[in-house]
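One chain, chain A, appears in both complexes that follow, with chain B as partner in the first and chain C in the second.
Up next is the complex of A and B:
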């Protein structure tokens, strides 16, 4: 239990929840507004973080440009997914999107010369004087921020603390932007397409275009989450981007109530605690399990939460039921 | 030529396994309108319980396989009474069904991992013994799988075609309300569907474990999307289509590595071929190779 008393633990949980919160916000605009079942969202995170890492390590490109290109590549990934498969029936699109993210992962896994393959970002080929780290610029930014923040918050300020503040500031800004966007007429049309294709089409709205835009916006947000993911872990591996991660996002989304953004931060923190906290479940009965077994239990608990939520409260903690039973 | 024969044979073996697993998914979809995301983990379940019963408790292999199939059925039925029935009654939407199935997959896979650990296991079967056929090296274990799988496929195809319950299943899949007013016992149809899916899922897992030699707790999950590709290739909801889709996909995946085809792709990319087939079929012929143009839903 002592781990739970350490501020560092809570800072870690906050950082993870913030990153997952950003990730889920991308799903929220796609499903919560557009009714699009994207089960390949983790692919966008993989695209942006790997693009950033490769550009910095192999080509020595400036961090900011590399991160921006990373997010742009995630958007391109969303465009590719949307252009090819978004016209499909809803369930077929869900399946195709899983295939999309798995293809991304397999390609990363098997392109040793580009991505480092199984060995992850440490094996990304370097040029000249470089070495396989992509966080140098970021580290110096963190250090500068630390110097500014230490007088305000005191000794507690470390790398993770600064990271948590940056991640949550970003999440806050994105939440504001998205909740503004969701009050526009654009979002109202998109919401109408969620209920029914034909009525908006009869009113002269191009249903596909609205959905396509939603996928792109969601992918950009997923891409931003990917950048933070890469910076937080400072090491990428293809196994970071299993389809499992997409379902973590879905769990947060359902918990928060998919149609509203306001519950999202709390749901993200709940998930972060479940995800990060369970590795510190060292008390009985969990004390009978070793670390890897606790990891199994963690995912099992997430599965059980998913089942119970969908069985008893599919509208989530903050949602409205009638907005969730739609097909 | 030898390489072609080899790949074709490997493809048929893989295809027979895909076919059996795909059949369960397709049947469940046709009767219950549910894409069972947990289906892959029933393969893992079958492989691991057979391993446990045959290697640790020393039951005869065939008994171990039958008991594993039984366990697959029992778990499928428990889930039906615990979850799916209630979800059907409340008219749960697509997302609820998807996410509950995913949750089930998590729980099942992590339970298997907790019990058997993360290490890879193998059956007590001689993997090395091979013989030559038209220049290709045919493993006896593979041949045995192909033979057993063919028997299983024939049995199940005849069962669906000839037996009363099989006919009821097809009628119900075609038109649920018409089938129930004409006196078909819906509960029996649903139970039969889960029984077939659970039993043959576990059996496919045993076959896959035998062919792979070693298997881990991620075996079924890794195969799931490929199986789903076979399901959609053979028209989702069509049991015979799923069998043929499985064979076609297995052969396509193996032949894609053939040198004669523009050098072939590296064999690590085989799953990508399956995913690509999945996406391409969805794009250009979402109703599958045997389907009539689906109505727009």
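Up next is the complex of A and C:
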């Protein structure tokens, strides 16, 4: 139980919550506004983080440029997904999107010469000079930030602390931008397409364009989450990008209430603490299970909490009930 | 060019085995009120779906202002100025009544993401759009519902909203699918006034489907009768009563109408 008492552990949880929060924000604009069921969102995170790592390790490209290209590649992934499958019916799109992220993962898995394959980012081939890690530049930025922050906050400031601040600042800025976007008439049209294609089309709105743009925006945001994911773990493996991660995003979204962004940070923290904290369910009755069994119990508990929440508040913590149940 | 705003030439479409529209030919004069009547299943709504681009014809052409439109996407057709309402009315239930109306605004700069960075242009349009929407809401007597979800409206109220939303889009040709069914007579009178005012002010053209023959005879310059996917009669309202084919297919014995 001692790790629970250490602030460092909770700061780490906060950072992960923030990254999941950014990740989920991408889903929010797609589903909460556009009704688009994207179950392949984790693919965007895989694309951006791997692109960044490969560009830095194999080509020695500047970190900022590599990160920007990483996000751009995630956007391209969204464009590809959108162009090929967005004209499908909603449920078929959902299935196709899972296939998309699984394809991304398998390609990463099987492209040893490019991605390091099963061995992960450690095996990404180094050309020319020795770039053992893609986080070098980032680490020096973090160190500098730590030097600035330590006099203010004291000893608590470590790598994770700085990371938490950067991640949450980013999430805050993105929330602000997205909530503004969601007050434009663009979002009004997207909201209409959530329910019906014919009406907006009959009023001159190109339904496909609005959906496509929503997928791209969501993919960019997912790509940004991927960059932080890569920097936080400092080591990538194809198994970081299982569909399960997408479903964690969906859990947060449903907890928050999909139609509004304001519940998202709290839902992300709630999820993070449940996820991270349940690791310490070592007391009875959980003590009867061994460690690997307890990992499943954790997911079960998250599921049960989610079911209870959905039964009592289908609109999530902050959503409007009417917007969920009106027929 | 002539004074025909819409020309439908030998258009046909089938769903599986059903020839819903089976070689329909008709035209609509600029500024006129043209009514389409006919028994249920005659293909009237399908004709509207074809004109508005919701479905594509298997054969035939549709010309709007002299240009072919039968292969255009519905939103492109709407851009040209053909706006339709839906039989039984369609509203976006989880948008407010006001938002439903504002959805009808055309060339809204805020619909383009690039203009996210041009809030001035967006807001100027929104203000103007909002005022126009409130004005229309007043005309249809729904202003007290402006900020409610459209999903709480009754069937009749939804039809009013659907109609008002079409008007928001500044149509040139308005396709109305049974607009007055289920709306109380006093309100129908009021709506006819609104539509008449619009017609004289903006030279709007109406093509409408309507079952109430009294209304049809009163408001139409011309009546088109459809049966089994074809146009079986077409002419001034009075002449329709005399037409034997129409009597057989739709009116039944003339006596019933006296």
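Going forward, the second predicted complex is superposed on the first by the 313 of 327 C-alpha atoms of A that agree within 3 Å, B and C clash if a C-alpha of one lies under 4 Å from a C-alpha of the other, contacts with A are read in each partner's own complex, and residues count from 1 in each chain.
Note that in this section contacts are C-beta pairs under 8 Å (C-beta built on N, C-alpha and C of every residue); 3 or more make two chains touch, one makes a residue touch a chain.
Just so it is clear, the model here is predicted, and its values are computed rather than measured.
Participant: Give one word, clash or fit, describing how chain B and chain C relate on chain A after superposing.
Facilitator: Chain B and chain C fit side by side in the superposed model.
Participant: Counting only touches as set out at the top, which of chain B and chain C does A:250 meet: first, second, both, neither?
Facilitator: First partner only.
Participant: Based on the superposed arrangement, let me know which partner A:192 touches: chain B (first), chain C (second), both, or neither?
Facilitator: second
Participant: Classify the contacts of A:79 with the two partner chains as first (chain B alone), second (chain C alone), both, or neither.
Facilitator: In the superposition, A:79 touches no partner, neither chain B nor chain C.
Participant: On chain A, which partner's contacts cover more residues, chain B's or chain C's?
Facilitator: B
Participant: What is the value, to the nearest 10 degrees, of the angle subtended at the Cα centroid of chain A by the Cα centroids of chain B and chain C?
Facilitator: 80
Participant: After superposition on the shared chain, which partner residues are touched by A:141: those of chain B (first), chain C (second), both, or neither?
Facilitator: After superposition on chain A, A:141 lies in contact with neither partner.
Participant: Name the contact category of A:266: first (chain B only), second (chain C only), both, or neither.
Facilitator: The answer is neither, since A:266 touches no partner chain.
Participant: Would you sort A:92 into first (chain B), second (chain C), both or neither based on which partner it touches?
Facilitator: Once the two structures are laid over each other on A, A:92 reaches chain B alone.
Participant: A:235 in the overlay: touching chain B, chain C, both, or neither? Say first, second, both or neither.
Facilitator: Once the two structures are laid over each other on A, A:235 reaches no partner at all.
Participant: Contacts for A:184 in the overlay, against chain B (first) and chain C (second): which applies, first, second, both or neither?
Facilitator: After superposing on A, A:184 lies in contact with chain C but is clear of chain B.
Participant: Give, as a whole number of angstrom, the minimum Cα separation of chain B and chain C in the superposed three-chain arrangement.
Facilitator: 9
Participant: Overlap the chain B and chain C contact sets on chain A and report the shared residues.
Facilitator: Residues 326-327 of chain A touch both chain B and chain C.
Participant: Touching chain A in the complex: which residues of chain C?
Facilitator: 52-54, 73-75, 78-79, 83-84, 86, 90-95, 99, 102-106, 108, 110-113, 116, 122, 125-126, 129, 149, 151-152, 165, 169
Participant: For chain B, which residues count as touching chain A in their complex?
Facilitator: Residues 35, 83, 86-87, 91-96, 98-100, 102-107, 109-111, 113-114, 117-118, 225, 228-229, 232, 266, 268-269, 271-272, 275-276, 278-279, 282-283, 286, 294, 296-297 of chain B touch chain A in their complex.
Participant: Any idea which chain A residues touch chain B in the complex?
Facilitator: Within the complex, chain A contacts chain B at residues 31, 37, 39, 84-85, 88-92, 94-96, 98-100, 102-103, 106-107, 109-110, 244, 247, 250-251, 254, 289, 292-293, 296-297, 299-300, 302-307, 309-311, 314, 324-327.
Participant: Given the complex with chain C, which residues does chain A contribute to the contact?
Facilitator: 180-181, 184-186, 188-189, 191-192, 194-196, 198-207, 213, 322-323, 326-327
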